[in-house]
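Consider the two complexes below, in which chain A is the common component and chain B and chain C are the respective partners.
Let's look at the complex of A and B:
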């Protein structure tokens, strides 16, 4: 069986010898999958090795810090970061603002800006995408608006909305909006014409055409837009919070730096990473729940 | 014919956008202290900013982006190829990279400032962190969906090991590498602007900061537009370079409908 897929020149043994002369483990994965017996150890390696590599890195990091190989105040060891996370939650960093306060504030800003972008972007994108002319006309504007770095708008946003929450929400909305709009337009554009013709033949009303044909077929695009936008919104908020606020995860690490508290910077980054991971997982779970038919095309 | 019509529509769209903007300003519906009109932006920029100053800022920004981008793309592509080719490398690298990926590059800025100070290295470090992940992820994704028939055909002709990797596998995933590099490039600019807003004495991000401090709102708008244009233009150059010199086979195959299976 492996012969039909193999090099075609000889039995398995020969193929192995030519592929890995003295390279030991270094065999292309495609080659590896073909060998019986490899599958079990492969499975073990796929779960074991990643755990092992993280454990080794953490152990070295901790050990080196304990031995004083590098300055523990500029690269705090994992144990220190953990205890700082606890300290942050119980005592708070700018006095009284615990980790959860920072997280809640960041989450609130992202949620507001993201929701606003979705409310504006999805209907507008569906409208533009259904007209060939309109989508051509807005294409250069959308492309340009997307490549404007969102944070470069910060001075303007402050001028328009002041230093409060509005300017932060505006920037997140701006960043999310264009990414989302591009994907929604694509989705509305790429409806299979055969589906539309079939629906027309069945005398479908325009309303039913939109809700039962166009929208469902655009939904996978909309979702991938929503996922991209959320990642971007998250990046924007951290950047915005680095400048001129006191509450929020970005503000936390920025202020920790001015006090040279590297352990706090790391603790904040751990929180940010966890946050990002949770959001990404939640969104892909939601996508599977709402779009069971799109699983293949992803 | 059809393409001509499409580009005509595009120009029409841009013209209408600028005309409406200008008209609203002329009618006094947009406060010039908050949003200057397109003509005011051009006129104000011409009087506030010399060409030499502007080119100096562009140069400083481009240098930072290029340095960070080059480090990141070399690392990202090499590690991505290695992870896809050697299962051991892939298994070892996957967990640390998956753990670091959810941290937005901007969140590294405070740490970078402590480690590397206020100078160039901290900016280059943060930019290369941002650019690394898209370069790595797309290269690895390309390696994973490589057409096995191509590899097997090359094996049958006697290629193996390094030569199989270098002569067959890597060229086959160049479209994916290009995608990764383009995402990395535009992300680099986003990171650059943030880094320059926070701490720098030069660059396009700093141009905006200086203009705002002097209350020259027209120059702020110009700076924003200049960053957008620089990003688009350089991205276009990178893509053209690849399509001209490296991906002619891919362009031909896609237009002939042969590479349809590779789409998404």
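Let's look at the complex of A and C:
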């Protein structure tokens, strides 16, 4: 009767029996990690293939530009963008404002607006999500506010907060807040009622119910909200920096355009993309660290 | 070998016959809000007592109100009529004297097996060292040594239910309420779990109310099987299984009980 543990009735035992090598290729199983041969090719597939496609595109782009297939001043080749990045970092554009200065300034604005949105949105979303009446009342407001394109509020933000940093942070906060709020509300609402009942049978106080059941259960939703909001923040910032500043990646791109410096526009774009990539990687690392139980089965 | 004893139970109280009942259910009904009130009547005028340390199964088709009745004993659902008392005290909500195991193990997915078991102990403010020791004892009781730090999704269905049983036992309740706990398991695992549940029940004397729709499971486990009928949920008959344990699943006697109960259900 104690044999259950040993008979391999677990998911592992079943996977071993049913996954044929051919299937494993398109659907990596737990088994793949066990066999050294699979592990190597799997690693290659995961990091090598994306890199390969990027390299191929860059090579074609560079080659086409070298062959004169398109105008290097409108579509600068990768080599040109790279040297521009270097020029931007050493000389600066406008003179004295290096790439890192632009990046730092953009990052600071996004971070401030994003943090503010998180501080407001997470507690508020949890409260609203746990009250049926509140979520019914709030739903139309959230739907409306979310549908307003953040950048269309730019003139209003400038009127209310001036052309300085406040209006920029306000717009980032606005954009991030609604996306985050929607997700947090969903998370607080979608707690499995069976878990609530189980906790009720285990001497759980209302306070413990919130901190030990509802909050952890909502965490994956909160994380996905944080991820979406961050992406949105970086989208909004470029538009927001179009006015009232000469520092920031958005400002860099818009000024480069007026000088017809497409190489600079591309350099700015690459920097923004780099931000997005690094932060997405950082967040998914943090998520794996904090929510090991919610990890997708690989 | 005597033939199975069948008692007709209609309006009378289905009685455990012991001196002091642990659970008393007196003319309890539960009406859920529904367009057609007759359909919303999940439990209709049910009376039942369960004795100290008795193992009672509630058996019936889906819709016969067995889970609702169990939830009312748990204090998760309030009866619309009648009264439920435990040790003579009316039930007003969930309490530490009752532990529950659900069909969908209902383990907290963000906690490891041992942390799930400790959940109630943390609520009760038991110091960490003592908590761990207690949980370790339960881990060996349900034969999960080596799986303490696994998350629920890493465990098989049978293992998840072992954790759920250990979690319910952690607060040392006098009554164990089980809502089709093995319903989602395959036949072989199910038989193993039944053996183990009996072993646990004999080691730590508990009063058990066990909801199932498996006739053989009810015969194998119970002192008494309460057969319920649907629309509205009522007690139809009770069958006392006066066979010493361990019981033989393939015996003639077992088959007789099976037939008797099957007839009671139809």
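Descriptive notes on the structure:
Everything below uses one rule, namely that the second predicted complex is superposed on the first by the 236 of 298 C-alpha atoms of A that agree within 3 Å, B and C clash if a C-alpha of one lies under 4 Å from a C-alpha of the other, contacts with A are read in each partner's own complex, and residues count from 1 in each chain.
Here, contacts are C-beta pairs under 8 Å (C-beta built on N, C-alpha and C of every residue); 3 or more make two chains touch, one makes a residue touch a chain.
For clarity, every value in this text was computed on a predicted model and none was experimentally measured.
With both complexes placed on chain A, chain A has more residues touched by B than by the other of chain B and chain C. Of the two partner chains placed by superposition, only chain C is touched by A:199; chain B is not.
Legend: residue contacts after superposition of the two complexes on their common chain; A:41 is shown touching neither chain B nor chain C.
By the touch criterion defined above, A:284 reaches neither chain B nor chain C. Legend: residue contacts after superposition of the two complexes on their common chain; A:269 is shown touching chain B, with no touch to chain C. In the superposition on chain A, A:208 makes contact with chain C only, while chain B stays out of contact range.
In the overlay built on the shared chain, the residue A:190 is in contact with neither chain B nor chain C. By the touch criterion stated above, A:159 is placed in contact with chain B alone, chain C being left untouched. Residues 5, 9, 297 of chain A are contacted both by chain B in one complex and by chain C in the other. Of all residues in chain A, those touching chain B in their complex are 5-9, 15, 18-21, 23, 25-30, 32, 42, 45-46, 49-54, 57, 74, 133, 136-141, 143-145, 147-156, 159-160, 234-235, 238-239, 242-243, 249-250, 253-254, 256-257, 260, 262, 265-266, 268-269, 272-277, 280, 297. By the touch criterion stated above, chain A contacts chain C in their complex at residues 1-5, 9-11, 192, 194-195, 197-205, 208, 212-213, 216-217, 219, 291-294, 297.
If you check the complex, the residues on chain C that touch chain A are 74, 76, 93-94, 96, 98-100, 102, 104, 106-111, 119-120, 122-124, 143-144, 146-147, 151-153, 155-156, 158-159, 167-168, 170-171, 186, 188-189, 192, 195-196, 199.
Contact residues of chain B toward chain A in the complex are 6, 9-14, 16-17, 34, 84-88, 90-96, 98-100, 102-111, 113-115, 146, 148, 151-152, 155-156, 160-161, 164-165, 186, 189-190, 192-194, 197-198, 204-205, 208-209, 211-212, 217, 220-221, 223-225, 227-229, 231-232, 235, 264.
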